[in-house]
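Below are two complexes that have chain A in common, paired first with chain B and then with chain C.
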Partner chain A sequence: MRHRRPKLQRQVGWLGWRLLSRTVLGLAFLLVLGPFVPVAISAFDSGLPGEQGFQGFTIDWFSIALTRPDFQSGLIVSVKVAGGAAAVALLIGVASAFAMTRGPRWARGATFAGFVMSPVVIPQFLISLAMLQLLSVMGVRLGIAGLIAVHGAFISPFVVRAISASLADQGGVYEWAAMSLGADRLKVLRTVTLPLIRPALGAAVIIAFTLSFVNVPLSLFLAPSGARTLPIIMFQELEFSLSPVLAALAVLLAIPITGAVLFIERIFKVRVLT
Partner chain B sequence: MKYLELSQIRVDYGEGLVVDDLNLGVDQGEMMVLLGESGCGKSTTLRVVAGLVRPVTGSVIIAGEDISTFPPWRREIGFVFQHHALFPHLTVEQNVEYGLDRRSLDRSVRRARVQDVLELVGMSEFAHRKPAALSGGQAQRVALARALAPSPRVLLLDEPFSSLDIHLAERLREEVTRIIRSVGVTSILVTHNQVEALVMADRIAVMQSGRIVEQATAEGLYRSPTTAFAAHFLGRSNVIYGRIEKTQSQTSRSLFIGGGFRVPLRRAVGSIPSRCAIAVKPEDIAIQTTGSTAVWTVKAEVVRVLFVGADHELLIRVVDDESENTALLRIRVHGRVDIPPMGETIAIWWPEDAMSLVAIDDPPSDSQLAGLS
Partner chain C sequence: MGSSWATTVPILATLIVIVLVPVGMIFRQSLAPNPFASDAASVSIQNYRTLFSISVYREAMWRTIWISVLVAALAVALGFVTTLALTAFRSNARSRDSTPVTLLLAPVFAGSIVLVLGWLGLLAKGGVAYSMVNAIRALLGQPEGRVIQTNIAIILGLLQFVVPFVVLIFYPLLNRLPVELYEAGLVLGDTPSKVIRRVILPLAAPGILSAGIVALSVSVAAYVTPQVLGGDRNLVLTTLITQLLASLSPTTAAAGAVVLGAVGLVTVAVYSLLVGRVQDRGLPANAP
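Moving on to the complex of A and B:
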């Protein structure tokens, strides 16, 4: 006879609640991912914008998306900015995370954490607009390095969160053990602390890269005219037409980004999506 | 001059003193146990020795050398943590090798040393495992091997068995005691478990709120404690509060009065404290039977009977019409004997050498006066 799993009484076990939570969850998914479905379909649709219905299967839009020089240069800029921003965010984020978990008392308090995490709550749109005005008053032109710095600063809270959680999980006891075994601070960092937060570091790099790569509000105002990022080029393209090329490009971008997130979830056993 | 000396250690994490003017000396090769309830500052004291916590004042001296200003990595101290703290990303072998200096020791020497200590703790066959693949007891053995590998001057053990199940903990503490004695390393063990302290210690220091209340050999502390706290903590002595009066009778020089008792004392009590307490171990209280040689007895009613395996534990209340604060006592009766049922009145006594006169610094609380502390 097969044993049935004993039923546990749980809060979520209440039928009405379960139905409600699933409905809300389903609607949320529909709202977030639903609009992507027609976009993805139109990327394979040979019909031009304005034509009704699916006109026929094609992958021409993809070849156009891949070969257009402005998209190509935008991609290169985006990769450069995202790579640089990830590096900057990692630098700020890892340092802040260490201060918040291992640092002096003032750095472990809520005030410092609030300061470090503030880029998450401040609207990027406002900040970049303000920054643009300020810079133009000062007569300063922000180059690609400046854009990288701003991206990095705004993405750093996500790095802080990943790294400080890992550092807090780890606690200080491994470091104490290493120190009592004769390891000085540098050796402890090199041989114990860093190896233990490596999964979190990997996850943080990918998150930071992705967040910078898809960023619009900062790049829109602050990207130098000669170095527009891919999302901005797509954004400006949208002003003229709802081209199926954009749909194809969106599909092309969605694949590596989703892949990267799934990759860090699997490899580093951290949850980013869910 | 002791091998390891802590003097006037004070530690403050920012919420008052955790360790308050602590002085402790440990002889070379001695196993000192710091015994106390959780939060009494015993673990913090260990961390001060290891340099992991900086005291507000005080000094740590090993073999005549003041190491107070040394960073942890220069102190040559082995530390075994409560949850082993083996590096999860290294194998057992790599963990043990971690503390061996790469500059001064050849690879072959290091390997041999790793082999030796792993053999010492009986973990040779697990050398290539990761800590996650070890049981709690195995991990703690490896942790001991890792701490011993660099031949530390002092070994510190912070509740090393408290995360293990009770049978394993019992077995492991005997084994660890044997290993530490065979190595002959000076060590301090921190525990809240009195049996562990008694089994492992050469000397026990009882701690309470950041201070060492009393220290002595295991047997000395168990048999003749001088403070109420140590008496109760070790062996759950009954502490009876009262006073001592001088008498000139033939049978006694003085008389302890309190909790419904009038116990004659043959030995002289030097300066007589106005208030004091006596401590008697539960197993030392005898139920009077016909033909016993009791000089005095007192009547008591059995309040509760607990069967605890080899012993019965009886809670009894002294019957005394004159005194309001009659003592509630715990007694242990060993073996298959007739146990008086609940509600029965019995006569009890104890031999004079079973009783310790203990100091009281705080006025006893109501529950202490009732004999429950």
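Moving on to the complex of A and C:
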């Protein structure tokens, strides 16, 4: 069979499409990552907001951000809430992922999957407000525990994504093998399934912790006034200009988050995105 | 099947307690005749009448709808082509590295506060985005002016926040395509538009549906971005609701919250119907 040379017109067509997609890719990177640049710059800029151009290098904003008592207490609250929310999300998410991959037929269908993933599309702002109104009518005051529960529920779909992909990859053959060799369900879970999905579990914990840590809309109405989370404190301090103290704080927070997220795939050798 | 209950009850119970009960409650509250009669059996649509009779409120609802639809459309298009460039149209056929995709997810993990901080810097007078927007304005013959506290600022901020969600949905779908796709298409004599129509779009179809739904609901419910970048002059539903709460009209705010939920549901439903119709018409004929 003779190898046919592609027509020039077709070659140009493909080249055009790849160029176009490459251009759009560049635009997307500009749009998505561009806004991080001024935050990083103004954290080190000695000029005050409103002054144009770089006024001089300083690390004073960092020492202010690190020593402010409200930031410190906010950080403690946020770590508690995010830690608890990650645990709750893991509990709900792992259970749902099991149901979706190994459960009864109805739980493996699209309806249950849609239900499990629904928190992604339910407006968090609306739920936060509705919970606030409900609790005030009931006369109940929601402590940190309630905030943790709500955070956990809304972050659980991201855990489901990571875990169910991992469970689907394994396809259940190892479990069947273990069961046919006489292991009971609990033993299979403990010695086969959990070790197999451990990398995905690690990745899910990092994702869940981060998503809860940065959340504003759920904490907006539900965070107790004595225990505001760090993003809420930052939000209440936001004016209509780039505050250098907030920028320094954002840079400080970005370092561990970026490290954790960028290296999830390296450390845990797991596909989080697929 | 004891284990089927153990695995499905947590999510079912949580969603009922956290979603259905409070939303039912806020719906009931929106029908109260006044803020102090929440226990009375009387039902009134006064709150909705207030919401629709004041022009600033109507404007806020309309702004929520058109900005969300515009942002969702731009985000789906941008996210689709971007993901395509990172999967099927990738330059190095051997690289299966997902680091660029992870970078694109940065806004999701950074959180909305950091994002609006960045936009405040970019959009302030002398900022890069400020100059770009005003250059476009000059081309259109419009006068130079501030960008923060305009609709453009809200749209840019939301777009940055929504595109990562779209990429997150398209990536697993399009990553199944072989990287040699364009070479195969080239050698076998297919034009790119034919490959896109016959191979890529059918694979991406479920993604177009769910990406649009997520983009719409995230934009409709966004609060921090319109609050900081739009300000009080460019109210959307969420920022209007917080203003109503601050002005001590919780029942009107409740009605606003119900409208917020309804706007989200209706835009998503209309979108799903449109996509479903296009797919019904388009797919069988093009299916391989």
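Following the convention adopted for this analysis, the second predicted complex is superposed on the first by the 252 of 274 C-alpha atoms of A that agree within 3 Å, B and C clash if a C-alpha of one lies under 4 Å from a C-alpha of the other, contacts with A are read in each partner's own complex, and residues count from 1 in each chain.
What we mean here is this: a contact is a pair of C-beta atoms (placed from the backbone, for glycine too) under 8 Å apart; a residue touches a chain by one contact, two chains touch by 3 or more.
None of the values given here were measured: they were computed from a predicted structure.
Novice: After aligning the two structures on chain A, examine chain B and chain C and state clash or fit.
Specialist: Aligned on chain A, chain B and chain C fit with no clash.
Novice: Give one of first, second, both or neither to describe whether A:184 is in contact with chain B, with chain C, with both, or with none.
Specialist: A:184 contacts chain B only, not chain C.
Novice: Pick one for A:246: touches chain B only (first), chain C only (second), both, or neither.
Specialist: Touch partner of A:246: chain C, not chain B.
Novice: Once the structures are superposed on A, label A:174 by its partner contacts, choosing first (chain B), second (chain C), both or neither.
Specialist: First partner only, chain B.
Novice: Touching A:127, do we find chain B (first), chain C (second), both, or neither?
Specialist: second
Novice: Any idea whether chain B or chain C touches more of chain A?
Specialist: C
Novice: Contacts for A:118 in the overlay, against chain B (first) and chain C (second): which applies, first, second, both or neither?
Specialist: Touch status of A:118: second partner only.
Novice: Thinking of the overlay built on chain A, is A:196 touched by chain B (first), by chain C (second), by both, or by neither?
Specialist: In the superposition, A:196 contacts chain B only.
Novice: Considering the aligned complexes, could you tell me the closest Cα pair distance between chain B and chain C in angstrom?
Specialist: Between chain B and chain C, the shortest C-alpha distance works out to 13 Å.
Novice: Taking the contacts chain A makes with chain B in one complex and with chain C in the other, which residues are shared?
Specialist: none
Novice: Within the complex, which stretch of chain B touches chain A?
Specialist: 14, 47, 50-52, 71-79, 81, 83, 85-89, 98-99, 101, 146-147, 150, 156
Novice: For the complex, which residues does chain A have touching chain C?
Specialist: Listed in rising order, the residues of chain A that touch chain C are 3-4, 6-7, 10-11, 13-14, 16-18, 20-22, 24-25, 27-29, 31-39, 41-42, 50, 52-53, 91-92, 95-96, 98-99, 103-104, 107, 112, 115-116, 118-127, 129-131, 133-134, 137, 149-150, 152-153, 156, 185, 210-211, 213-217, 220, 231, 234-235, 238, 240-243, 246-247, 250, 253-254, 257-258, 261-262, 264-265, 271, 273-274.
Novice: Under the definition above, what is the set of chain A residues touching chain B in their complex?
Specialist: 105, 173-174, 176-184, 187, 191-192, 195-196
Novice: Mind pulling up the chain C residues that touch chain A in the complex?
Specialist: Within the complex, chain C contacts chain A at residues 1, 3-4, 6-12, 14-15, 18-19, 21-23, 25-26, 29, 38, 78-79, 81-82, 84-86, 89, 91, 98-122, 124-129, 148-149, 156, 159-160, 163-164, 168, 171-172, 175, 182, 185-187, 189-193, 196, 213-214, 217, 220-224, 228, 231, 238, 241, 245, 250, 253-254, 257, 260-261, 264, 268.
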